[in-house]
Amino acid sequence: MQRYIAWRLVLIAPTLLVACTLVFLVMRILPGDITFVIFGDVAVNPEAREFLRDELGLNDPLHVQYGGWLWKMVNGEFGGHSLESDEQIASMIGRQLPVTLLLTVYTVFFSIFISVPFGILSAVLEGRWPDRFIRAITLGGLALPHLLVALLLLLGLLLFFEWSPPIIYYPPWVNPWSHAQLMIWPTLILTWECSSHLVRVIRSSMLDVIRQPYVVTAQSKGLSVYRVIVWHVLPNVMIPLLTMVALQVGTLIGGVLVLEIIFGLPGLGRGFVQAAISRDYPVVQSLAVFLIFVSLIINLLVDVMYRFIDPRISYSG
Amino acid sequence: MVILASCVREAEPVLPKGNETHGGSLAEARVVITPVTSLTVAHLVDRKEKYGGIMVLANRSDPPAGFDPLRTSSIALHHIAGALFGSGNLVARCRENIYAICPYLATSWTTNAGYTEWDFTIRRNVRWHDGTTFTAQDAKFWFDLAHLQTAIGDRIRAPAYFKGELGDIESVKILEHDRLRITFSHRNPHFLDDLANPRFRLAHPYHLMKPKIEKASMSINPLGVGLVGVGPFVLEEYIKGSVVRVRRFDRYWEKDSGNTLPYINGIDYVVIPDPFVMDVAFRSGRLDGGARGQAHYLTAERKRGYVRGLGKDVFFAEIEGGNFRLAFNMLKSGPWQDPVVRRAIAFWIDKRAAIPAALGGFGWTAPDLGPSHILVPRHFVNWPKFDTGQLDQKRIIAKYLLDEAGYSSGFSMGHLCRGLNTTPCEFLKAQLADLGIELELQIVDEGEWNRARVSIDYDSQQGRLTPSPIPEGTESVYGRYSGNPDAYAKHEDLRVEELYRKLRGALTFDQRVEDWREIERYLFVEQTYVVPIAESINVIPYRSYVKGLAIPAEDAHTNTDFATVWLEKG
Amino acid sequence: MSSSDHYSRQRPFLAGWFGIVWAMVFHHPVMVLAFLMLPLLTLLLLFPDLLAPYDPVFQNVSERLSPPSSEYYFGTDGFGRDIFSRVVYGARVSFLVGFLAIVIAGTFGVSVGTFSAYCGGKPDLFIQRFIDVLLGFPLLVIVVIIAVAMGPSGKVMIVSIALGLFPQIARLSRASSLAIKESDYVDAARVLGSHPLRIIARHILPNSLPPVLAQIIGYFGVAVVAETAISFIGLGVPPPTPSWGRMIQEGSRHYFEVAPWATVFPGLALSVTVFISVILGDKTQNWVRLKTSPSRKVDL
């Protein structure tokens, strides 16, 4: 197992390199360039534009740009500067990552907290009304788009309470109360969806396990329901549950873009889309590589867990 | 030397449909007039100034391009740039009359008989935010950055995007007694009008930027030197993606009837990209004023929500926003080459319907300049052939004209559409569909739109919405394509060039109006290179306790310094 | 978990592939209902004007923002266009995008995943790394980059969503095939000298495919939601073609309070679509589990 993990870690470097190249090339295919965005909605004489392109290094041959960027990735600058705002990319990520990360952590935490008891309840009371009720709610969580829920929520808060969440994001160590007032809403919406996934996983794997012979045996030996659940069922549920959690984390980190826009959270999703639309190549490239890196790590964890579950699968892969 | 002072008549707000004479021809202005020393808001009587308070405003996005006004005209920057860098440069548009020019960082100026040499006297006791005195050196530095390409070794710094609007500057020299001389290669009688553009702001302190440029840090921008400006507010904090906080600059030069400005202690500009979110924030009391920018200006429906929720606690600034139009590419072959076809389209479009459908419910039908413009005479509504008559009748004529031109079965025409706001495009498409013309919408993002606008790749487009206080300046959008790539309609009609030359040579005000009308007639009626549809109005909400706002008649980039604002919170 | 031929051993009424599909579809009343609705749905998608009373792009500015009534079932939007008709036509866009995206992603994903699992060794490693790279991009990120690069359009969206879903399907398919590959049955076939393609088609795929198919049905909902999110940002199918995401954006931005029907109805249509997709996916998933372990009666 250790060898497998070490081998996978080593493989990350070439994978990232391939990813870098792919992203770099895709961005360069794009028509239009960032000088049009920087100059705003005013027409500029072509010389001025050419001068700016020179300034930004956009007229250098492709391999020079590529090499330069790769070097900047490795030497700690993490890709250099944003073309649009001249900010260091490392500081950009440093600024945006905590926001998205906090939202992810809150969501996962609340989701696990909610879904474990409800999932167990749902499985144990299978077919009865609490189970049906919980299943209905989880269906809602999966079907309703975040977007609509967020908009309705904001409108509702305004019309019924004449209140809206704070408009400026503060990290929790600066202004915890304002932070909480703002973050609770996207967290709730995301938790609804995430815990829906988790409840379903818990429920279905619990139901799988409950039927297993050894559980029936344990019960017939006179162990209390509680002991059976905790000592025999839950351990088998944990692994698919954690697998699903890992998958959800991967989705959350890049996928909460819409909510970030609506609630004004200066996170990775929003930053990425804005950079892509502006053709801010270095930012898009670096952020993409960063996201892939995170995902590779998560995938590694998931794969390791898969092998835990099913030892028959050989390590030759 | 003819001594010219600023063309300030006694400050008089210009009211739409009024019949006061816009007296004062250019000839009359060759008289010595005591320069006005401050931008007094002379007509607010019985006001109780109150110092203090922080105003919270929404902003459309983070200011782009490192806060550099030489690089961008985006309102996302200029909403904030006014507070940091002031509302003008050497001159500025007067607060109470946007069509007049007031001194700002220069106290007076003279020009020679040929209008090729302009001398400015720099105001004393103006300070940068770090305490350094503002001198003619700073002014020269800024002009050089704006119109010259700076090169050190093989690193280049591009001139400002608006270089062309300054005219062809030959040299900028510092004279004794802190004066600046700008010399042009050709006559430039309208230099002040061009210079008094609120987008041209000084954000480049010589003592901070020059050393950086010497060290070949060519792309240094105001953000890179800490946003040191000469405006009424100084930067306190900038959290990217969230908020820009500015606070009162204690050594700001401007006074208002003896009171030092600004009145308020500071402004927090909060970044809110989504207009609905802004509405929610405003109506729950978290904002004192709305954001500026296309999507954020209120529509009639959203305004109703504000009124319903806040009633008397909110008031609305209404600023003329620019004309919505359909412009043709005359350099591309197609059915629109025939003026009869263009005329038919002009008759067909239901201009009044554009206002609720495409302009958010606020606007008026106008050829180009709105009713409050000084060049618009009293009979503005009766402008020849513009939007008079019943729509049904006009449509009959349109169909007839189109048949005459041989296109009774219609045709298809491409249309460049800005992705940021496709509503006007959809409106046009639906309108023309009934005439049998298929308008193919080609939707592009911001980067491509900025490129495509100035190219001749598209059959038709709308152009930008920006209004223009200077009719002479409209040549850059109505003139020949070869000299004006950003022109709405792409044509090479020499007659248009001739007409603008005539306009620039006008010696009396009435002549100026006549010449402008002739241009309008030629452009919109005879040739119909452009179909003007309707003038939009930008509506910005403010809480009622926000007093002292200088709301310009047009151009929302103006007066964003908020120096005369106070908060009357009981 | 028994690794024998779960499905073909059952010897359904009709043999082979057709039998498997038949069994999958008809094992539950809900699935039957969905199956019967399919021709109706196809008809509606091909001929929306059967259901939609108005032209979805016809602007009637004087009737703008009217509330739901007998004339306009869902009310009208800011241009006076009938929202009911737009929802019906918008379904065409969403369903087409969703369906084609999962078909493309499914085809490529299953092929690559199964092939990779079967080959093992170096090709498997190589392909796995490639999949990992693609997996690293969250779905929306891929779609945004490609939409920005190629300009917004229906085709671009289908391709980019397919690209985003493909790695997950490939991964799943590979894992599923791996488990089958190790079974004795397959080993036996290999020893007997069967051609690899035959082994894949006859033994591996029939067993590895159903769980993947069940997931793919669920992905239909994901694809439709992705289309909506992209349209909301403004990179989706260009106007005036109606699309649910765009309708939600227009409605919420300009007249949410005054005319909530312009936003809510497309949102509901979206929710119902995802809901159905999830249920169908569940039922199929359920059937799969049923088959792999007859002792359980698991009902999701």
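We call the chains A, B and C, going by the order they appear; numbering starts again at 1 in every chain.
We take it that contacts are C-beta pairs under 8 Å (C-beta built on N, C-alpha and C of every residue); 3 or more make two chains touch, one makes a residue touch a chain.
Computed from a prediction, not measured in an experiment: that's the story for all the values here.
Asks: Using the touch rule from the top, work out which pair, B-C or A-C, shares more C-beta pairs.
Replies: Of the two interfaces, B-C and A-C, more C-beta pairs touch across A-C.
Asks: Going by the average position of its CA atoms, which chain sits the greatest distance from chain A?
Replies: Between chain A and the rest, the longest centre separation is with B.
Asks: With chain centres taken as the means of their Cα atoms, state the distance from chain A to chain B in Å.
Replies: 42
Asks: I'd like the Å distance between the centres of chain B and chain C, where a centre is the mean of that chain's Cα atoms.
Replies: 49
Asks: Can you check how far apart chain A and chain C are, centre to centre, with Cα atoms defining each centre and the answer in Å?
Replies: One centre to the other, that is 21 Å.
Asks: Where does chain A touch two or more other chains at once, residue-wise?
Replies: As it turns out, chain A has residues touching two or more other chains at 151, 155, 261, 277, 279.
Asks: Send over the residues of chain C in touch with two or more other chains.
Replies: Where chain C meets two or more other chains at a single residue, that happens at 148, 252, 256-257.
Asks: Which residues belonging to chain B are in contact with no fewer than two other chains?
Replies: Only 274, 276, 445 qualify.
Asks: Taking the complex as given, what residues does chain A use to touch chain B?
Replies: Residues in contact with chain B: 31-34, 36-45, 47-52, 54-56, 84-87, 92, 95-96, 151, 154-155, 157-158, 162-164, 166-169, 261-264, 266, 270-271, 277-279.
Asks: Would you mind writing out the residues of chain C in touch with chain B in their complex?
Replies: 57-59, 61, 64-65, 78-80, 148, 151-152, 234, 238-240, 250, 252-259
Asks: Can you check the complex and tell me which residues of chain B touch chain A?
Replies: Listed in rising order, the residues of chain B that touch chain A are 58, 62, 64-66, 71-74, 77, 149, 155-164, 218-219, 221, 223-224, 239-243, 268, 270-274, 276-277, 280-281, 283-287, 309, 445-451, 453-454, 464, 466, 485-486.
Asks: Chain C touches which residues of chain B in the complex?
Replies: 274-276, 295, 299, 301-302, 304-305, 350, 353, 356-357, 360, 419-420, 422-423, 425-427, 429-431, 433, 441, 443-445
Asks: Could you list, by residue number, the parts of chain A that touch chain C in their complex?
Replies: 11, 14-15, 18-19, 22-23, 26-27, 29-30, 126-127, 139, 142-145, 147-148, 151-152, 155, 159, 200, 203-204, 207-208, 211, 250-251, 253-255, 257-258, 261, 269, 272-273, 276-277, 279, 284, 288, 291-296, 299, 306, 310, 312-314, 316-317
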